[in-house]
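Lettered A, B, C, D and E in written order, each chain numbered from 1.
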């Protein structure tokens, strides 16, 4: 069937470079989520894949066929537009069936596909309305419906759930995942929602300023981010970074000095480490633990609270590690009653530490659980 | 300054009733978040407050003044539209300054306000572009900017962050909160993001199908939801509900039988409980704990895993409580290696149980930590 | 989920042979030309080709019709003499100047007025629909009758207008019998006739503007006037270009109305360019070449005018 | 065969009459039927040009002038009918049909330009209208009609068709004409005299006519003003007689027309022409012969209230004493006219001058140019026409 | 926008109604007067003896209904043809970039600048060579390409969001279907306007029918009206009654079309 390969895709608007040579190989049937900061070129990339925007340079392959010059309709792609692009003069039903009528399907087949999609997206009562009579979320669901009633080789979704409420989002997410499983279609999905990205993706591609920063399985990105950007981008709240410098280097352990934390032993390869180099130490907010009792695995830090936000059963605590003025967030899986000026003792596990080169921002290589080494490519 | 009061606001489109008499009193300077399922009438309510849509019935008061018949411009309101509504023929800068030019401000004042907002929203490099040349998230930020450059009495935000990435969202959230503190303005904010709702709101209003279901502080909604809808809507993943029936009633404790869980003692008022009545027992996904050791406070349940999703440091486990076929989600604050068919022992704390009347869906009254009783009003 | 996706169609899309794609590609390239074909065909046949023939005439001394049987009607090649002769052709010069003045006066008035009408009559109620019909009504009447009607209304001795004035003891006004008044009368009647058409064009442009923008502006307390100048006008710029270009060209070509309203009079006070060309070609012997040269000048003037106007419209948008 | 006829009419009644005449012909000659094509009079020149340019012609056409463009296509009736036939017709009008030794048209009817009076108004004012042979000069006439207007409470002393041919009669009456009476055609205008008469005319428009009438833009309709009883005298022509007879609700009469130094009218009317491109030329000529035969002429003239051209036609009784009398007087005006009243309008060159005359005179009346300039313009147009014909 | 029933607005509307309504009303009232009263002095606004005689005379003329039928055929067919090809060309110029597009545009524009009066004879020859003389087809086809129409459609279609067309292309919608099902419905306000214009233009057109038609059986109403202006005068009752009658159908059609022309049709399509 149809994998999707991008080879050195470059895009400029006038002299504005938007994409700087993207290489991406999506396997057939894979679910790839594209994430990146607002304006980094995600929508542009989708539009290029769809053939709506000419590339300035580079090839796009679907399966083994070079489709770079092909018309959008010949690529066998369905797309959900970030801006919906609903036909304003057609009812919801007509919006859904319009694309189907290009195929030689019977009226019944079309009807059943439409009602199926409508049911799945909970827009059955709206079928006879026009887009202007719909709420934002309803419009978005119609836009999704229009893509899924067809049966393309490749789906492109541009933030398809951004206007849905949590429950509906979870449900629709599930439906899309199931659709993906059933059809085995290749999907490229843009989202800003971390949970969406982590739970739906086979692999995640992180885009930043028109460059592909990392492309890998969700947990891989989470646990072995290639560089500081990815580390900061994946995971919410953001990873905390502390400046430090290397004090000692061993084969699989690097000792770093960080204000307030003292000497820290990070379990990373010393291959590229040079004593005296500046580094950034990364600790995820969830890796600050309130320990029932002290433990060997943990290093204790004293934390001065500025303020705390409680979200039901979770608590975000903002403040600094004593002796270090880097703003820090800790994310606790419980409703913890803390107040400003409190000082708490957190345990942190050196095994969870991330270490980045000060200048390039690249991660230090690390040994996976299975013993293999993961080393980020040089930029 | 300016509180906002809605009195019995009713809205129909033709014969479609959209809002069924909303009463809402927003205090001066309060930050109210409006949540509810897609299509429940949130945007409509904002539009009515802004004066863009006439009410079918009811009054709107700003401060003590009845503004129901007033023109939008006379209400002292700024609004961020769900559809952005950026002026397509103006640059970003002009979009931001346009509203300001209605006030008698000097050019410098306007410029400084515009650059201030642009800096705050990180759209400085885009100031000379036209909306067409912006990405979805960039447009959304311009729309926010257009509202905040003015100093209105009341801000209305319609899903202002839905197209932003996590980091930017956290940052912008912070900016809006700070703006709120600095200006002391009243804000009404529509969002689908639970975290946004919980962290930003002074109070949350939950709308459902045109009715106001509950209006209260975030934690109150979370801990004492007035009814099953609110309980299910607030908190993600959704609360798990199990059907059961009342077996015994005491003053502050009701004993309920639930398949798989057996006899459960929920710490709620027995005032309205009748033995034999159908009830729903609610347990939030986060209240399933993997306990290091058994404890008195917890009741143990055996959980059969269907599948699990891991999101970095968190894990969602899907399955059923043994002996009960209600689909259940448990949310664990760690990366827990579980696989399908595993059976896990979870501890659940009866103190966290919620109990709802089977038919009306209303919560059973409950005693707060301070000893006061919270009882949901009858519908 | 049941048959959300029919497997048959899958294979269909996948199995389409590449050759049909290339065919589709060609079809797509040809498509815009196909869309242009009928219009271009008709325009070439009934306007451009005759035009070229007509302009070619400007190089000859000849009559409208050339008869091989009659030697005196045979064209004589004179090169650019006809154009040179225009320089001291008073009729042409004067009517060209008058036409330019007419355009400069009538077009802006017309555009402003019809835009005002469009904005005034935009609401969707029955009353306004009726009013729109009324304003468009003059455009439904043939120019001949428009001219005759206004001529009658404006009659010095028997006109309704002067009669009404006489009831108020006001001396009769020589609407059509005095040069400037007659020129004004032509402007009035022309605008009265054209305003409806332009109003409709403006209305179709106005309805294309999303109400969102007005909502956003009204929340900011933007005055109606500022909404009009800063949102309506800029968003209406393409429509404005249409109206300005079309009505300037229309104004340059004013003819039938004048013929039936003033007949070009008093004297020659309202003889505009087309009438001059027409009379030169058809009323005077062997002057068709000169008329063709005049047409060529008109054509160039109009072309320059249109291009300049379109440029202006685009550069500001 | 079916003959294609191009015609113009004044009103529906005329069209009905023409059709009845054609039906009569078909009744007598069953092999000939007609396809009558009506065109607005103002479009005739245009049509002729189209015909000439495209070579698509009717078989027969009505026309008031033999436009240069169609002349090469007109059948020579001398050849078709015989050289003497044309001599049967009113001379002045028949001269217009001759061209380079051929007869290219058949005179169908003539008209004469002259004046009509509102007799009731004169009676009311107690002013006598002179007999035709003792007509009054313009100098006598103007004060009289003004007096009548004043005494009878009539709005205007005089109305005058705004037309070049009605205007030029005034010049003729002072002996001024445009072209030589003999071939080769030359322009013989005495500009000073023309200018003098034009000045007189302008004075008359200011003195006795509705303000602005002759400015060229006025909406005033002389015929309707006269018919409405609002004018004492009306300078027009014999073609108005049927309308006056039918619609005037006051007593009226034709002539005598005031004069300057000589009495003059001007020939007008219509011709029939046959086209040499016609495959049915014989039948067309037959038809023309029939139309201009004395018998048909008398009937036709009676039906339409026009003056017959065939001198052999019986005297026509128009069935209305006033009309019959008026026609007679109008005919008399023609008879009294000098030769140039026929030749000036008969020269083909004149066709190109009518337009400039009207615009020059109206401009002069409107004060846009002086009378000298106006006359110069007219002369220039005449010169150009003569030159173009060479 | 502004309140539809504010007093200033209504006052302005009243003024507009008076200015635009009076001349036609007077025309209509005059058509109800007998010949003598039409030119009566002092004039009467309201007919002293209203009569339908003029209308009866006009309608009872044998061919009057035929002229109406011809006019109807010509204007309806020609208007539809004209709108159809204008939409096609306008769409091409608005939404496609192809070689020569500017040249096409300029050529179309330039044809707007040629008054028909001036090129009548060459046009006539073309009509002859194409065999369109004396046929209603000629009157329908020859004037059908209106630069105004193309221009109008182009400017309107430019406003349709590209993303709608893109969405359809992704669905492999054939181009003609995109035109017919998306561009056309979304351009309805402009199409309605243009259709109204074309009907009016074609209905009132005199020059083209005059050029093409001499045969009375193929006359349009305008030819009949022009024919009421004779050599020596105007047949006023006929002219007035015909004029009034000739406007009525256009009026009806326009009123019917008005609904098409209005309405914010693009609402809800995209967010930006």
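Everything below uses one rule, namely that a contact is a pair of C-beta atoms (placed from the backbone, for glycine too) under 8 Å apart; a residue touches a chain by one contact, two chains touch by 3 or more.
The shown structure was predicted, so the numbers you read here are calculated from the model rather than taken from an experiment.
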item: Chain D and chain C - chains in contact with each; value: E
item: Most remote chain, CA-based centroid, reference being chain A; value: D
item: Between chain E and chain A, distance of the C-alpha-averaged centres to the nearest whole Å; value: 58
item: Computed distance of Cα centres, chain C from chain B, in Å; value: 58
item: Where chain A and chain B are represented by their mean Cα positions, the distance between them in whole Å; value: 23
item: Averaged-CA centre spacing for the pair chain D and chain B, given as whole angstrom; value: 95
item: Where chain D touches two or more other chains, by residue; value: 46, 49, 53, 155, 221, 225
item: For chain C, residues that touch 2 or more chains besides their own; value: 13, 28, 64-65, 158, 210
item: For chain B, residues that touch 2 or more chains besides their own; value: 82-83, 88
item: Residue ranges of chain D touching chain C (in the complex, touch as defined); value: 45-46, 49, 52-53, 68-69, 71-73, 155, 210-213, 215-221, 225, 352, 355-356, 359, 362-369, 381, 384-385, 388-390
item: Residues of chain E defined as touching chain D within the complex; value: 35-36, 38-41, 57, 61, 120-121, 124-125, 128, 133, 210-211, 214-216, 223, 226-236, 238
item: Chain C to chain D touching residues, read off their complex; value: 63-67, 69-70, 72-73, 151-152, 154-159, 172, 174, 176-177, 179, 182, 262-271, 279, 282-286
item: Parts of chain B lying in touch with chain A, wherever the complex brings them together; value: 13, 35-39, 42-44, 82-83, 133-138, 140-141, 158-159, 162-170, 192-195, 198-199, 218-219, 222-223, 232-238, 284, 286-287, 292, 309-314, 316, 333-335
item: Complex interface listing, chain E residues touching chain C; value: 1-2, 4, 9, 12-13, 16-17, 19-21, 23-24, 26-27, 39, 41-43, 45, 84-86, 88-89, 91-93, 96, 98, 101, 104, 106-115, 117-119, 121-123, 125-127, 130, 141-145, 147-148, 150-152, 155-156, 158-159, 172, 175, 179, 189-190, 192-193, 196-197, 200, 203-204, 206, 222, 225-226, 234, 239, 243, 246-247, 250-251, 254-255, 258, 261-267
